[in-house]
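The two complexes that follow have subunit A in common; it is paired with subunit B in the first and with subunit C in the second.
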Partner chain A sequence: MVLIQIFLVFTIIAALIAVEAPSPLSSIISLGAVGFGLSIAFLWLGAPDIAITQVVVEIITLVILIRATIGKGVTEVRGNESKPLLIGSLILFGLGSAFFANYLSAFPEFGKTAMDVPMDVFSETPSQYYLKFGLEKVGGANVVNDILLDFRAYDTLGEATVLFTAVLGAITLLNKEVFFGKGGEK
Partner chain B sequence: MTGMSPIVKTVTRWVSPFILAFGIYIALTGHLTPGGGFPGGVIVAGCFILITLAYGKERVEGIFDLKSASVTDSLASLSFLCMGLLGYVFGGGFLNNFIQSGFPGKAFELLSGGNMPIINIAIGFKVGGSLFVVFAYLALFRAIEEE
Partner chain C sequence: MLTYLLAFILFAVGLYSVINKRNLIKIIMGIIIMEHAVNAFLILIGYRLSGEAPILEEGMAISEFVNTAMDPLPQALVITSIVISLGVVALMVAIAVRLYQHYGTFDITEIRKLRG
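On to the complex of A and B.
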């Protein structure tokens, strides 16, 4: 367990450096350190599926970020907090806290996850149910993908939707021709 | 974008088929071994990104360019949704695993898991297509800005 804590401290330090670094290149490299630290932690915890995904996504993100930012003028956004913005974010924060406090009673007890609480539908807790009947009911030997693609397929569909929307947003923001016509920015 | 040095080009020429095959393997056997559609699709997209970076944009044009990547992305999302709707028609619930209840395959074999392999392939195409679209747009954006 000590090794995981060391890696987590390393990850947190790398994340702080990524936020505070002066140049974009060092920020991106620290971001890569965050990702690889997390993937080693996942591997150590016995989740090779997540570790593979994390490593691969980290590499591609690094390439894309370096391709997109290096050699470009960086616009720094600093010190533009206006008063209405502050008031609005305070109101939103208060609303969020109120909703959170309202639904806090519905959460399972501290230290227990929702997967460990017995439900009416299953004769046992959901996590044990998935492990026991994954191979029998879904037929896949890899229980993680059994859960991702059958028991929790809605989540995977939502994930695909999120990715689709993110790509749409990126294209719309980057494509100047959509907004300014063929000649570029007016 | 005209490409990089001959060393990078040669290494890319040797390595890229293996990367592509590994990505397809990871996506196809997601229901048997660690992996799945998401990492497989990202690896396939990484192969094409590597070729684009090493050889320039012209090399992948006609094979996997911006338009075909976005078409792949949309078609794969639609096929995932269609699998869900087919589960509604044949299995009685959205995203129901109707193939497994109809024709249960032998466990630990490639043709098992009902519609899991199909959804895995769809997710692989989807993720690969969308990541390549993002990369191609950023490369294009930069190329326009440099002119």
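On to the complex of A and C.
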């Protein structure tokens, strides 16, 4: 538990460096530190599938970001951040903290899941059902994969659709002929 | 509770970056950090002290497994969310590159000022 908190603090520090570093390359590398630190935290949190996925996605994200920024010249954007924006963001942050503090008690305390809290109406939570019948009904020992590919397969189908649409949009945006017509760039 | 608070602080760092930075790449980074924070928070909700990963091992009784495994439902949904965030990042970066080709800068105030 202390280990998880240490990793979370590490990701917070890395995120601060990523936000404040002047050079794009160093801030992208710090962003990578956030993702990889979180993936190690996921391993300690008992979620190996997510740790693997996080590593793969983080690498691809870093490649995309580096490809987009390197060679574009450092845009030195600094100084005179507007006062109203800063005050507004502080107010937003205060409101968010207030909501968070208000609803924090509704979550089960750290170290307990929704499965450990007794319920009034239903006898078991969906997670308990999946854990109980995952092997019997789907045949996979890994319950997370059972949920992804069988119990909630429509979610996965929707995910594939969203991913396809986003990539299609990116390709369309980056293709000059599609964007500007046959004549090339204006 | 302190652990939940750390995930919230990570989210706040991302929010700060989105609101206060003028560089488009920094804004995209803020959105990525916020996604990471939300994913971490959902996984933290499904954490069980001295629990194990929701993978059934040989010779393990189902009743014991139900009482010791982590919550598999947030994990399955977070995997979906992580993969979708990759597509979203690709789309955002494509738009940013397009804007750079058009205006020659990542500064959002400059983009607002020039022809457009």
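Definition applied: the second predicted complex is superposed on the first by the 133 of 186 C-alpha atoms of A that agree within 3 Å, B and C clash if a C-alpha of one lies under 4 Å from a C-alpha of the other, contacts with A are read in each partner's own complex, and residues count from 1 in each chain.
In this section, contacts are C-beta pairs under 8 Å (C-beta built on N, C-alpha and C of every residue); 3 or more make two chains touch, one makes a residue touch a chain.
The model shown is predicted, which means the values in this text are computed figures rather than measured ones.
A.B. asks: Tell me which partner A:Ile60 touches in the superposition: subunit B (first), subunit C (second), both or neither.
C.D. replies: After superposition on chain A, A:Ile60 lies in contact with both partners, subunit B and subunit C.
A.B. asks: Please indicate which partner A:Tyr154 is in contact with in the superposed arrangement: first for subunit B, second for subunit C, both, or neither.
C.D. replies: first
A.B. asks: Does the superposition put A:Leu95 against subunit B (first), subunit C (second), both, or neither?
C.D. replies: Neither partner.
A.B. asks: Could you let me know whether more residues of subunit A are touched by subunit B or by subunit C?
C.D. replies: If we count touched residues of subunit A for both partners, the winner is C.
A.B. asks: Have a look at where A:Gln128 lands relative to subunit B and subunit C in the superposition and call it first, second, both or neither.
C.D. replies: Touch status of A:Gln128: second partner only.
A.B. asks: Between subunit B (first) and subunit C (second), which does A:Leu163 come into contact with in this model arrangement: first, second, both, or neither?
C.D. replies: Both partners.
A.B. asks: So in the superposed three-chain picture, is A:Ala141 touching just subunit B, just subunit C, both, or none of them (first/second/both/neither)?
C.D. replies: both
A.B. asks: Contact-wise, after the overlay, does A:Leu3 reach subunit B, subunit C, both or neither (first, second, both, neither)?
C.D. replies: A:Leu3 sits against neither subunit B nor subunit C.
A.B. asks: After the superposition on A, what does A:Lys112 contact: first (subunit B), second (subunit C), both or neither?
C.D. replies: The second partner, subunit C, only.
A.B. asks: Mind sorting out which residues of subunit A both subunit B and subunit C touch, each in its own complex?
C.D. replies: Residues common to the subunit A contacts of subunit C and of subunit B are 48-49, 53, 57, 60, 64, 68, 72, 135, 141-142, 144, 146, 148, 156, 163, 166-167, 170-171, 174, listed in rising order.
A.B. asks: Touching subunit C in the complex: which residues of subunit A?
C.D. replies: Per the touch definition, subunit A meets subunit C at residues 1, 4-5, 8-9, 11-12, 15-16, 18-19, 24, 27-28, 31, 34-35, 38, 41-42, 45-50, 53-54, 57, 60-61, 64-65, 68-69, 72, 75, 77, 81, 85-86, 88-89, 92-93, 96-97, 100, 104, 107-116, 126-128, 130-132, 134-135, 141-144, 146-148, 152, 155-156, 159, 162-163, 165-167, 169-171, 173-174, 179, 185.
A.B. asks: Residues of subunit C touching subunit A in their complex?
C.D. replies: Against subunit A, the touching part of subunit C is residues 1-4, 6-10, 12-17, 19-23, 25-26, 28-30, 32-33, 36, 39-40, 43-49, 51-57, 62, 65-66, 69-73, 75-80, 82-91, 93-98, 100-101, 105-107.
A.B. asks: Subunit B touches which residues of subunit A in the complex?
C.D. replies: 48-49, 52-53, 56-57, 59-60, 63-64, 67-68, 72, 135, 137-142, 144-146, 148-150, 153-154, 156-157, 160-161, 163-164, 166-167, 170-171, 174-176, 184
A.B. asks: Mind pulling up the subunit B residues that touch subunit A in the complex?
C.D. replies: Residues 26, 30-36, 38-39, 42-43, 45-46, 49, 53, 73, 77, 80-81, 84, 94-95, 97, 100, 104-105, 107-108, 112-114, 116, 119-120, 123, 126-127, 130-131, 133-135, 137-139, 141-142, 144-145.
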